[in-house]
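Each structure below is given as structure tokens.
After this come two complexes, each holding chain A, first together with chain B and then together with chain C.
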Partner chain A sequence: MIHYLLFAVFFGLLLLGIHRKVIARIQRRPGPPVWQEILHMFKFSFKSTWIPQTASETLFVAVVLIAIGIWTAAFFIVLAGGSLLIIFGIYMLHKIVEHGFGLSSGSPYGKFGGVRSVISAASEIPLFVSVAAITLFTKSLSISDIIAYQEVSGPLILVIPLVAVAMYMVIVSKMPFGPFSIVESKELVSGYKTEHFGVWRAGLEICNGLKTYVLLMTFILVFIGAVPFWLMLVLMVLIVVTLSFVCALCPMLSPFDSVTVQTLITAVMIVYVALLWWLL
Partner chain B sequence: MMLLSGFAGIAATALWALNLMPLLYYEGLLVVAFPLFVLSTGLWWMARQRDADIPFLGY
Partner chain C sequence: MIGIGGQPLFMLPFGDIVLYFTPFTLTLFILALVFTVLVIISKPERQIDIVFGGDAYLAKEISISEMKFRRFMAIACGLASMGAMVTGDIFDFALFTSLVGICNVGIVAAVKSRHVQNAAYQYGLVAMSATVPLFAGAAIVAATTGTLSILELALPGATKVPLFVKALLTLGVMGEGMAPFYAAKAEMFRAPGAPYVIMCSLSSLLIFLRVIEVVLTV
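Right after this comes the complex of A and B.
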């Protein structure tokens, strides 16, 4: 189990490295090597580290522990075929953690990043509509039940493609350099993580690797079903490549536009789910 | 802390492999021990510590 957890961290970081590489190639730059995020994690862990004078020391350190802890828990819940609602609850917790990252440092850039992470919670709303649509068909929120449903009725991506698109948009909003990445916008330096450097940033990198792996694994299990392990890894890489195209070709939206677009997606999804409910 | 969390993780893995610990407890322990191990390992092998600095306020 612990070996799979470590694998998930490193493979998630590799996926983020592939993401950066593909974006760079689309923009005709050589880009970093695909293992750059893994090197980043090690590099940060060796750097001299301290806590800024203006920081709230307890919160400053605790958010890093909580960030890794919640995604470790999410990883185990998905593996156990647990409830989708708990995974989405962890999504929401992650927003609070991002907020904590920003506010704990005492840096104005971190604070702006923290505030924007709350604004970007709008990206979570299509998620709940997706859950409603999935429940209409599977009559359950348990990932193991959803997988069992797909073994009988075929992949949900073919049954409710728009819901898969909405979930895909949620993953887009979580990817770095994307149109909805307002929490890491360059005018905020590094956003909520500006002051978390050195060992703290290494912890955050581990959290990001794990988060990417869990999000993609959840997407595959919920919309495609149980697949062989090697195929799951191939699908993760393919999904990341498509995400990279979206991120490379779409400009980063302003916070207001980001929320507007995500709210529009939610509105379309609500109409779609209402239609599904009426037809069923 | 590094030794404690590392030992807890290894001991829990061994106990789980020998069917002496339920999976749920094992996973719960890893949720707590893994972040502690990551940060304490980093704080142990990082470069020499310096005094606290003021936050970054721009170039």
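Right after this comes the complex of A and C.
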């Protein structure tokens, strides 16, 4: 299992590298090599590490471990076919981790990144609408039950396409350089992760790789179903390429607009699920 | 069978009040515990304010008395969150949720700044108003089904809780869980945050996740 976990980290980082490369090519730049994020992770592992004098030391270090811990737990829950609700809970807890990263350093840049993370909580609400819609059809939130349902009734992406779109938007909101990436926009230097450097940043890179892999794997299992391993990897790359197009072609929204757009998406989803509930 | 949270791993009955862990609530409980321990052992950040338009910056120090009060409130908030995660009774859940709201007001209100206290006051009004749908929801559950036990209500064949009651409970939790927005508002006026304000975000998230489980189960 550990070797699969390591594979997930490296493949997740590779996906983020592909994301950067595709965005660069769309914008007619050469872009970094696709393994750049993996190199970043190694580079930060060997750079000098410090804790700022203004930081809350214990929290500053603990959030890095918690970030890796929660996504490792999410990875194993998905593999075991566990509850989708726990995965979504972990996804939301990542927000707390971002807030913790920003708060713990004492830096105003980090803090504003953390504050933006809190106010962009609107992006999580479509998750619950997705959960409600999936429950309407599968009568269960266990990933193994959802896969079994799809073997009989076909992929959920064809049954409830708008719910798949809502989940896709949730993944968009977590991708770097996207329209909703307000937590790490450049006017805040690097946002919530500004002060985490050296080994702490390497830990954050590991968390990002794992998070990308887990979210894409969950999306495929929940909306397409069980597929051969090689096909899952191909699908992940394809989804990342589509995400890169969205991120490259949409400008980053202001914090206010970002929350407004996400709230509108949520409102549409609530109406859609209410309609489904009414029809069923 | 206890619905979407998974099979109970552990039950501790106190008469008709039953505490239990499902895989879902256990995950949330552990996180509340971890962050409460962090609040206990962490020292607060020392804030830096940048003076716009120049290179100057100011370092803020937090007084010991303010730090002690905020730490006490954050620990109480962590304990209330843990209570809301383990309880198997809708009234107790409502009670723990309102306690989370009160503690969150305390965490923000302890800062001696006019802007921060304004944010705390506004949040206090929202939290107070939210207790009405929250406890009304719990009362109507008892009136319509004859029980407040989530375990009883999750049984096949049990009387179903009306949809509008589920909406009331969710509305109540949304009101009590508004804290992160007001904490963020306070932070924008540079209220010292770590590690206490993080408990506002965490507790709100936890009660929100639990109420989703409860309304999908009963």
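Convention: the second predicted complex is superposed on the first by the 280 of 280 C-alpha atoms of A that agree within 3 Å, B and C clash if a C-alpha of one lies under 4 Å from a C-alpha of the other, contacts with A are read in each partner's own complex, and residues count from 1 in each chain.
Simple rule for what comes next: a residue touches a chain if its C-beta (ideal position, glycine included) is under 8 Å from a C-beta of that chain, and two chains touch if they have at least 3 such contacts.
Keep in mind it's a predicted model, so treat the numbers as computed, not measured.
Asker: What does the overlay on chain A give for chain B and chain C, a clash or a fit?
Answerer: fit
Asker: Once the structures are superposed on A, label A:Val131 by its partner contacts, choosing first (chain B), second (chain C), both or neither.
Answerer: The second partner, chain C, only.
Asker: State whether A:Thr54 touches chain B only (first), chain C only (second), both chains, or neither.
Answerer: both
Asker: Quick one: is A:Pro179 in contact with chain B, with chain C, with both, or with neither? Answer first, second, both or neither.
Answerer: After superposition on chain A, A:Pro179 lies in contact with neither partner.
Asker: For A:Thr194, using the defined touch cut-off, is the partner it touches chain B, chain C, both, or neither? Pick first, second, both or neither.
Answerer: A:Thr194 contacts chain B only, not chain C.
Asker: Does the superposition put A:Ala202 against chain B (first), chain C (second), both, or neither?
Answerer: The answer is first: A:Ala202 touches chain B but not chain C.
Asker: Under the stated touch criterion, which partner chain does A:Ser45 make contact with: chain B (first), chain C (second), both, or neither?
Answerer: Once the two structures are laid over each other on A, A:Ser45 reaches chain B alone.
Asker: Can A:Ile68 be said to touch chain B (first), chain C (second), both, or neither?
Answerer: The answer is first: A:Ile68 touches chain B but not chain C.
Asker: Rounding to a multiple of 10°, what is the angle at chain A's Cα centre between the Cα centres of chain B and chain C in the superposition?
Answerer: After superposition on chain A, the angle is 80 degrees.
Asker: Return first, second, both or neither, reflecting whether A:Ser107 touches chain B, chain C, both chains, or no partner chain.
Answerer: After superposing on A, A:Ser107 lies in contact with both chain B and chain C.
Asker: For A:Ile2, decide between first (touching chain B), second (touching chain C), both and neither.
Answerer: After superposing on A, A:Ile2 lies in contact with chain B but is clear of chain C.
Asker: With the two complexes overlaid on chain A, what is the closest approach of chain B to chain C, counting only CA atoms, in Å?
Answerer: 7
Asker: Identify the residues of chain A that lie in both the chain B contact region and the chain C contact region.
Answerer: The answer is residues 53-55, 66, 73, 105-108 of chain A.
Asker: Name, in rising order, each residue of chain A that touches chain B in their complex.
Answerer: It is residues 1-2, 5, 44-55, 61, 64-69, 72-73, 76, 80, 105-110, 189, 194-195, 198-200, 202-203, 206 of chain A that touch chain B.
Asker: In their shared complex, at which residues does chain C touch chain A?
Answerer: Per the stated touch rule, the residues are 4-6, 23-24, 27-28, 31, 34-35, 38, 41-50, 59, 180-181, 183-184, 187-188, 190, 193-195, 197-198, 201-202, 205, 208-209, 212-213, 216.
Asker: If we count contacts the way the header does, which residues on chain B are in touch with chain A in the complex?
Answerer: Against chain A, the touching part of chain B is residues 9, 13, 16, 23, 26-27, 30-32, 34-36, 38-39, 41-43, 45-57.
Asker: Once bound in the complex, which stretches of chain A touch chain C?
Answerer: Those residues of chain A that touch chain C are 53-59, 62, 66, 70, 73, 82-83, 85-86, 89-90, 92-93, 95-96, 99-100, 103-108, 111-112, 114-115, 118-119, 121, 128, 131-132, 135, 140-141.
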